[in-house]
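What follows is a set of structures for review.
In the two complexes that follow, chain A is the common piece, with chain B as its partner first and chain C second.
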Partner chain A sequence: MNVTIKTVKDITVIEAEGSIDSRTASEFEKNTVEATQEEDKVIIDLTKVEFLSSAGLRVLLMLYRQVKARNGKIVLVGVSEEIQDVMENTGFINFFILAELLEDGVNALS
Partner chain B sequence: MATTSGTNDIRIDYYPTHEHEGIKFRRGHALPFGATTVPNGVNFSISSSAATSCTLVLFDRGAAQPFAEIPFPDEFRVGDVYCMTVFDLDVERLEYGYRMDGPFAPELGHRFNKNIILSDPYARSLGGRDTWLAQPNWDDIYPYRSRLAFEDFDWENDHPLEYPIEDLVIYEMHVRAFTQHPTAKVKNSGTFSAIKSKIKYLKELGVNCIELMPIYEYDEWENSKPNPVTGEMLVNFWGYSTVNFFSPKAGYAATGKFGMQVDELKTVIKELHKNGIEVILDVVFNHTAEGDHRGHTISFRGIDNKTYYMLTPEGYYFNFSGTGNTLNCNNPVVRNMVLDCLRYWAADYHIDGFRFDLAAILGRAQDGSPLSNPPLLESLAYDPILAKCKLIAEAWDAGGLYQVGTFPAYGRWAEWNGKYRDSVRKFLKGDEGLVGEMAQRIQGSPDLYYYRGPTASINFIACHDGFTLYDLFSYNEKHNEANGENNNDGGNDNHSWNCGWEGETDDIEINFLRHKQIKNALSILFVSQGVPMLLMGDEMGRTKLGNNNTYCHDNELNWLDWSLLKKNKHLFDFAQSMIKFRKAHPVLRSSTHFTHSDYVGSGYPDISFHGTRAWQMDWSANNRSFAFMLCGEHAKQGAIKDDMIYVAMNMYWEALSFELPALSRDRKWHVYANTDMPAAEQVSTLGKEPLVQHQDHIIAGARSIIILVGK
Partner chain C sequence: MESRTFPGTVDSIDQIRHYIMEISQAAGLGKKPTYNLMLAADEIATNIILYGYQEANQEGDIDVIHSLTDTELTVIFEDTATPFDPLQRELPDEEDLTKPLEERSIGGLGIFLTVQGVDEFSYEYVENRNRNIFKMYVVSSE
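Then we have the complex of A and B:
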């Protein structure tokens, strides 16, 4: 999987690509934790993510907890219908603000 | 100076000492049993009292062959426990099992076979039946694969609800049957997750507890066979045949195919709790899915046969469960497993209570004889983690031990009151000689539970086993042909009455009577002291077409047809009204038995019985009607002031006039329900009950019930 990190306005945007599962979760975690260490506005763009395993979902929740501890906000964008379904069934969706497109996410945080 | 995390990192057991086929490992920890993630690895621990050696077998998810087999070095064994920590495993994809070597000597109780890969009895999830009825790989060398589960669920502020048991209204539910029917119109139908879509419905009905039929991992393919009539596959639908006690059934989870059933089930429980609904699990600790000596070896038999099972002196299986084997619950090792298991479900899944299938078995000694002081039941009753959980026994077994009223309770255990079901059914169908029994049943059966109080009595008229409420009044005989056992399965003592025609009919009078009988049943259930339990769908006239043992049907015989809700809306309205009535009147929910005396100075005893003449109960054998009155000033032993409640039950085939007891002060009788009225007028709005026309008497129609409120 690939992770690209960019900044839009004052928001840190993490763009992931591929599958986030047990094989890639620790790398994804490392990259994202580093990139969001000081940030209180974070977007995770999952448009190009095909699958999130249990381990992947846990990285997202961990990020949420860390950002929230700084009173920050985290938005997920481009979550496929299938992943949304899995997140809903496993309760993870309740923690996140979801937006369809990146610009919706930016608006949600602005 | 080392930081805190640095200090942790230098624990030497975080690093391997051994290597085998490229896999690094070290001596493990004996506790906890099962597979547990530890820093850098997984700790495996399993016990066998008679194995001569043990090998850990590791698979990548779904792989045909293991990627490693690591024999436990003998120095890793602690007593009978084999333990090992293995490093650098992908815990999400890992599947593990064991090979146990030892004697195959059935006459000595041993059935070891090192060629079989065995599931871990303590596995937290199981692979192999990940999607309901998906075709299994029948050639798999390891069909039920132990897996780890993430145990870090974010419960936020959730907590078991801990309602007083007398305040519960239990709804017995089968996970798949609840939402699988197309009329349920939910996403992910038939799954744990779909229950969430129906929480609004459950709240509307008013139930505050759901009791889930078995959700521990079982194999729906067990004993599957084609239906001789239709050719449709008959399967194990109900699930009373556990493969693993610690794992939720993956096939019930929309996310089972991703191995996320643990998170999914916990999410449902959290959501139910948020909406004020408790969750009780129906647990089956009386036997396992391994059957008798001809059955498959999945886990227990191959690990420690004589520990896990009750065996005859010849080494065959005692069959007190009627399913081939009997779990040896009062063996100390098995007892600890049961305790560990329930603690796990209470602590990790926030389960509110447990209903124990064929619980009389839990009180049998290792030789099968009933114990007067069964250590397992005592342990559960006094366990600190289970301290606030409801413990409910199905107080009989298939070996003839019937303990309704005498189940060893330790002040904790409640029972499915089978005698309540039978008395009420017989009374409703108009049998003679029932008023004495009925007087006991509506009081919470003090004849059975004198020292334990009404809260020991789980009252039900129908449950998954047997007729639905609708079928109880539509069939004289069971109709189990579709089960493929020549109608020989299922009970014959249904105490049912078809109201004049066997099965479906267009006859308006018969249908009116059937619906009235359902409402009579609901009335009795919800005005009885004790804890009411409603079978899923009985509030909307669910039918199983006279089949009283639908364990094997994954079809409309079990699936709840939600279109009935519209068709029989008046039944739902009535059930809902009766639940509201129960909740509004604490005098119906006493935690202690009535004294039949006036201890608050109200001028009335807490309960009194009446006949067609007030204050004159007719106890004679040929009588089919009676009334009782509860004095609201005695509610909760006088702590709360409630209204007077008067219930007239006439199961005679003609209308009867009941003289009403006079009320004190300026109280008047108001009518809350009358099951003999046309559907629209059967029940009043709570708090707006109309005055009874003649305050000195009422006419109760043939086979009907009237409920009055004195205020």
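Then we have the complex of A and C:
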């Protein structure tokens, strides 16, 4: 998988690509935890993520805790229907703001 | 009954997932059931490889066996690690799953997703092998 980090306005945007599974989750975690260390507005763009296992959910959980501790917000962009189902079944979905497109995510945090 | 063997190493995880996708598509499963079976396979393969083999300093394979009837697709993972029944693990219940994420313990989610994502999941230990059995009902396209 690939992770690209950029800033749009004052928002940290993490763009992931590929599969987030037990093999790649630690890399995803390392990149995202570093990038969101001091941030309270975070977008995770999952448009190009076709697969997310419980190892990926675990990273989302940690990011959520880290950003929430500063009263920040995380927006997930472009989450596939299948991944949304998994997030719903596990009760994760209510804790994140979901947006279809990056610009919607940016608007939600502006 | 077809069988394919994957070495019990982390590099096999996405290969197994890919193979499961091929099997599911060949069986005519829809997009969501295909994803759910891939997810279940990923979670169980991960457990076998990381805990059954790696953590125990054991080497071994995962045999992925599948068969298709008019009504169901059956996929069986066989491994030679120490007996481990995923269903003996305590799964998160309704209360756990509605807790705020700040208070969550994250254990058991993978097996929860496995059990929930497939139509039937079972486990048996036969002839010194763990057998994790996944079944997906096949809906005829008439």
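In this text, the second predicted complex is superposed on the first by the 110 of 110 C-alpha atoms of A that agree within 3 Å, B and C clash if a C-alpha of one lies under 4 Å from a C-alpha of the other, contacts with A are read in each partner's own complex, and residues count from 1 in each chain.
Basically, a contact is a pair of C-beta atoms (placed from the backbone, for glycine too) under 8 Å apart; a residue touches a chain by one contact, two chains touch by 3 or more.
Keep in mind the model is a prediction, meaning the values are calculated, not measured.
In the superposed pair of complexes, A:A108 makes contact with neither chain B nor chain C. Counting the residues of chain A touched by each of chain B and chain C gives the higher count for C.
Of the two partner chains, chain B and chain C are each touched by A:R58. Residue contacts after overlaying the shared chain place A:K68 against chain C, while chain B stays out of touching range.
Of the two partner chains placed around the shared chain by superposition, neither chain B nor chain C is touched by A:L98. Once chain A of one complex is fitted onto chain A of the other, the partner contacts of A:S19 are limited to chain C, with no touch recorded for chain B. Looking at the shared chain after the overlay, A:V8 reaches neither chain B nor chain C. In the superposition on chain A, A:V86 makes contact with both chain B and chain C. Residues common to the contacts of chain A with chain B and with chain C across the two structures: 21-23, 53-55, 57-58, 61, 85-86, 89-92, 95. Of all the residues in chain A, the ones that touch chain C in their complex are 19, 21-23, 51, 53-55, 57-58, 61, 64-65, 68, 81-82, 85-86, 89-92, 95. Across the complex, chain A is touched by residues 10-11, 13-14, 17, 31-32, 35-36, 38-39, 42-43, 46, 50, 92, 97-102, 104, 106, 109-110, 112-113, 116 of chain C. Looking at the complex, you find that chain A touches chain B at residues 21-23, 53-55, 57-58, 61, 85-86, 88-92, 95.
Across the interface of their complex, chain A is touched by residues 90-93, 150, 152-154, 187-188, 191-193, 253-255, 258-260, 263-264, 266-267, 270-271 of chain B.
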